[in-house]
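The same chain A turns up in both complexes below, where it pairs with chain B and then with chain C.
Here is the complex of A and B:
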């Protein structure tokens, strides 16, 4: 028992290390989060920079002092010959020393008006209150991105489950492990745990990133759904690999595994009430994620048992 | 040490019912003896070694290693054997040191890290102990595989085509290591289809063809049984090749 536990821990550690040493694996685990988050941040930066360079048309009649006031309010004065015509031609605001012309009804026009009125010591000025963006507004988008990434990671899980067995069978690694004085289910279970741990960890990183950027309704539940999907997908890969190696018969099990994984995800979409209970199917449904997580443990145990039975028949 | 009696293994074959890979095979190997299992491709050598290593289950027959039955105590047998698959079985992304240490730890060897380094040193592999296995030559890999196999001081070794893909110096070194292990009292079963190396290293020979043991004995006995002057001719005569 002690040797079995030690072997399981050692094999899991080594398998995780092997996976992390593959550049393609590292890139595929980081890429979805990095690219999506990077795109989002870049969009915000571009948006912010565009906002900062808003210009206001001013005629020569506008004094240097008033132009300074406009600048101080965060706008860039640009000379125009006729303020009214400038606004008609598309400039959002222009000043001729007497009138503020604008086609904008939003807070920036009020901000400009307030700055001008204050400088001219007018008896009153508007004070627009701009509502702060709420994370709750962005949370559904964050959740949608996380669900898509979970689906992608689930497909990785199928590939990991299949590939770790097929490749190790081809190069004799699996035979060497199975000849160790440990139960036959251990190498299969180690592969399931290693793949699930790795995928779930990187998925948790994705969830944390989007929870920080956009907010998520329930980040922990989202992480549980993703972990359940990764585990179930790896179990599918382990089960469907059969006697295939990378050099032969790989395409059939690969197609079967992908079909099963995507089929379960689709089931969750079409029957959310059922899907919320099943790993993989729960990716696009709600729920706290505990039932799918328990389901994936059962799937992992079943896959390890099937692996052991099949190993004895080879 | 190793006793095989009436071993049979059949595989399902698409459209042909079953294929008998091992057909009523019996032989024994004593401590300190190198037993050469010879045969053409598909003769059943690898299947036999996999059954001995408890990687595959036979349809009938018995196997005993160090007095333990394969049927009742497969884990006990795996504690006492070292199986070296023809492919080697070295993960490409792990270094030689990591591989040998992993097996030493799982086998429950005392001071596994020191034992692993000592074996790599003994096999002449310490110089590239931190090189990923995927970057090693075939000869380097064979030394690492043998270090891994010996990490728990097994009573018996099952070597499947141990010199496959090696150049002449590499083959010489591996065969010398095999003889060394036999001299330490280990029972060794070595499968091969290269007659020259078998002549140099084995004590007894078993020639397999189509799953059956067609001849067994020392080199002179096999030559006499085949009526041949050299092992190549004897092999061809015994396996029924023209």
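Here is the complex of A and C:
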């Protein structure tokens, strides 16, 4: 028993190290967090630099007085020949005598409309409410990003589960492991633990990053759902690989694994009541994530057992 | 290039994947995904449902007369009068409400000027599904051969590098093209789509994706590496070039069509009329395919093994820059909400989460670097047993750091707009004034990265300098003192990072108390 446990730990450490040694794998693990967080930060920087003034197109027909009103309201008037065409071509808003052309119906457009109506002595004018989102409003968006990233990590899980077996079978590493005086489920379990540990750690980095820069309703639950998804996806990879190697039939099991993983995610979307209990399916549902986490342990144990029976059979 | 050899290699590749019982899986999945797209009828768009409108205050009769208007204490429109002028408090006003308020002679008209948008049709899906189902085949075809050692044999045979790559491209690109054309023919036979020039670029999407995939994984040494690359990059490239082509196509269809891959994808959706745009899309994607195949063939034998980062100044600088990004991004980014106009969000977001993310990021960075050495534990300074005397020294150093606060002694003079940056970096430096999770993450991340990995790889001076640059860039003296003490403990004790961990833990605990 002690020898089995030690072999399991050693194999997990070796597999984690082997995965992390590959620069492409490292970049793949960092890519989703870097891409999503980087895009958000870049958007904020652009927004912060653009929010100072908004350009409003004005035709020659607009009086100097009205142009002054537009400027006083915090907008920058620029001359355009055709107000309608200017907005069609991407200008935020344009004024053409007594017509305000804009496709924006939000508070900022209402500010411009209010200033113009006041200047034109209209019988009514809007008083825009500019609601600033609070953490509770931003958190669901943060959660949505984390769920999408969890789906991608789950697909990585399928690749890791499937690829580690196929690769090691073809280069002879798996045969060497199976020749060791340890139970045959150990190599499968080691692959499942190594992949789940690695993917969950990098997914936790994503969750913590988004909890910091956007807020999350329950970061710990989000991390549990993600870890459950990574574990279940790896288990799927271990199950579908069967006796496949790289010399024959990798694409088929790969497509099957991807289909099963995305099918489970879709199940969670369409039937949240069922999905919230199942690992992978729970990614897009609510809940505290403990049940899917327990489920992924069962899936890992099952996958190791199936691996011992099918994949490890030489 | 000899066609017979190219075809032989293509047949060999297809036979490896598609023979036997398992060989049916990939074609079946292709059929399973393409069939519903081909057969399904597109539902007609539903008429928009009327939405209720909550109002309050002095609501004019004309607005009251609108359908689905109801009084409510949480109104969308709040009406009041101010000097005879009706004021409508709202964050958006519907066009029918505006028309009701304006009456016969509006003082100001608000109109939309939307350019008609033409979206790609379902035929885009034929190309997209055919291309995306081949991710596994692309990875195993090149990286799998390399891992299995069969690529060497293939390269030693009487075929050129270009023939090898072209053969593999013919196999998988051909399969994807065939699948998309068959799906299109079925849809046309069932009357779901009408023939058009979109048929021209349709078959080049999958081959161009396969060629790009080959180029991406040309140096991958095993299938896991290859698949993770193609899995993350190919969907992103397809989406970005597709969106880019569509947006450029709104300016001029030829401009959009000239975007390689994306142009063909959008043109395959029948987005642009006429022959010219689909023809340009076909040519741009074919050019991309040829370029990728040529570059893949050129680099086919170049498969460098990942070596541990060198001990050069450049490698140390890159590692420090990465660490700075990992530490600063979650800690400083919330400030941007304030700059973008929502300071409430900056104040409300949990700071401890940023330090947890930064600490975890540093720890993972250290682990990734250490994985390329013979012993991870040794590279992180965890292999050696803790020496009680040096641990005691670490505890003493931690007490001294807590009693003599060094922060702010010689902070760099910065403009007031940078005050938030100074304050956040200062608070995060030791995980001070934060929760237990934040402090623990800061402790582990900083010690494993600076005193573990950087000190092991580049020496004590680099560890101190990297600490100053990443953790205390605006308060360098404090960084030099804290980093110097911790690094000195690790360097002098020669018993791993344990004394530095003890010093940092003591310092943090005393500050939290």
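The criterion applied here is as follows: the second predicted complex is superposed on the first by the 228 of 314 C-alpha atoms of A that agree within 3 Å, B and C clash if a C-alpha of one lies under 4 Å from a C-alpha of the other, contacts with A are read in each partner's own complex, and residues count from 1 in each chain.
The working rule: a residue touches a chain if its C-beta (ideal position, glycine included) is under 8 Å from a C-beta of that chain, and two chains touch if they have at least 3 such contacts.
Predicted model only: the values in this text are computed from it and were never measured.
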Which of chain B and chain C A:271 touches, first, second, both or neither: neither
Which superposed partner A:60 touches (first chain B, second chain C, both, neither): neither
Chain B versus chain C as contact partner of A:251, first or second or both or neither: second
Which superposed partner A:181 touches (first chain B, second chain C, both, neither): first
Touched partner set for A:155, first chain B, second chain C, both or neither: second
Contacts of A:14 with chain B and chain C, given as first, second, both or neither: first
Touched partner set for A:173, first chain B, second chain C, both or neither: first
Broader residue contact with chain A after superposition on the shared chain, chain B or chain C: C
Partner chain(s) touched by A:3 [first = chain B, second = chain C, both, neither]: first
Touching both chain B and chain C, residues of chain A: 17, 21-22, 170-171
Residues of chain A defined as touching chain B within the complex: 3, 6-7, 10-11, 14, 17-18, 21-22, 168, 170-183, 311-314
Chain A-touching residues of chain B, taken from the complex the two chains share: 50, 53-57, 75-76, 78-79, 81-94, 98, 102-103, 105-108, 132, 148
Contact footprint of chain C on chain A as seen in their complex: 13, 16-17, 19-26, 28, 31-32, 35, 37-38, 40-41, 44-45, 47-48, 51, 83-85, 87-89, 98-103, 105-107, 109-110, 113, 116-117, 120-135, 138, 152, 155-156, 159-160, 163-164, 166-167, 170-171, 201-202, 204-205, 208-209, 211-215, 219, 242, 244-256, 258-259
Residue numbers on chain C that touch chain A, as the complex places them: 16-17, 19-20, 22-26, 29, 32, 85-93, 101, 106-115, 133-137, 139-140, 144-145, 147-150, 220-229, 231-232, 236, 306, 329-331, 333-334, 336-337, 339-342, 344-345, 348-351, 353-354, 356-357, 360-361, 364, 367-368, 371-372, 376
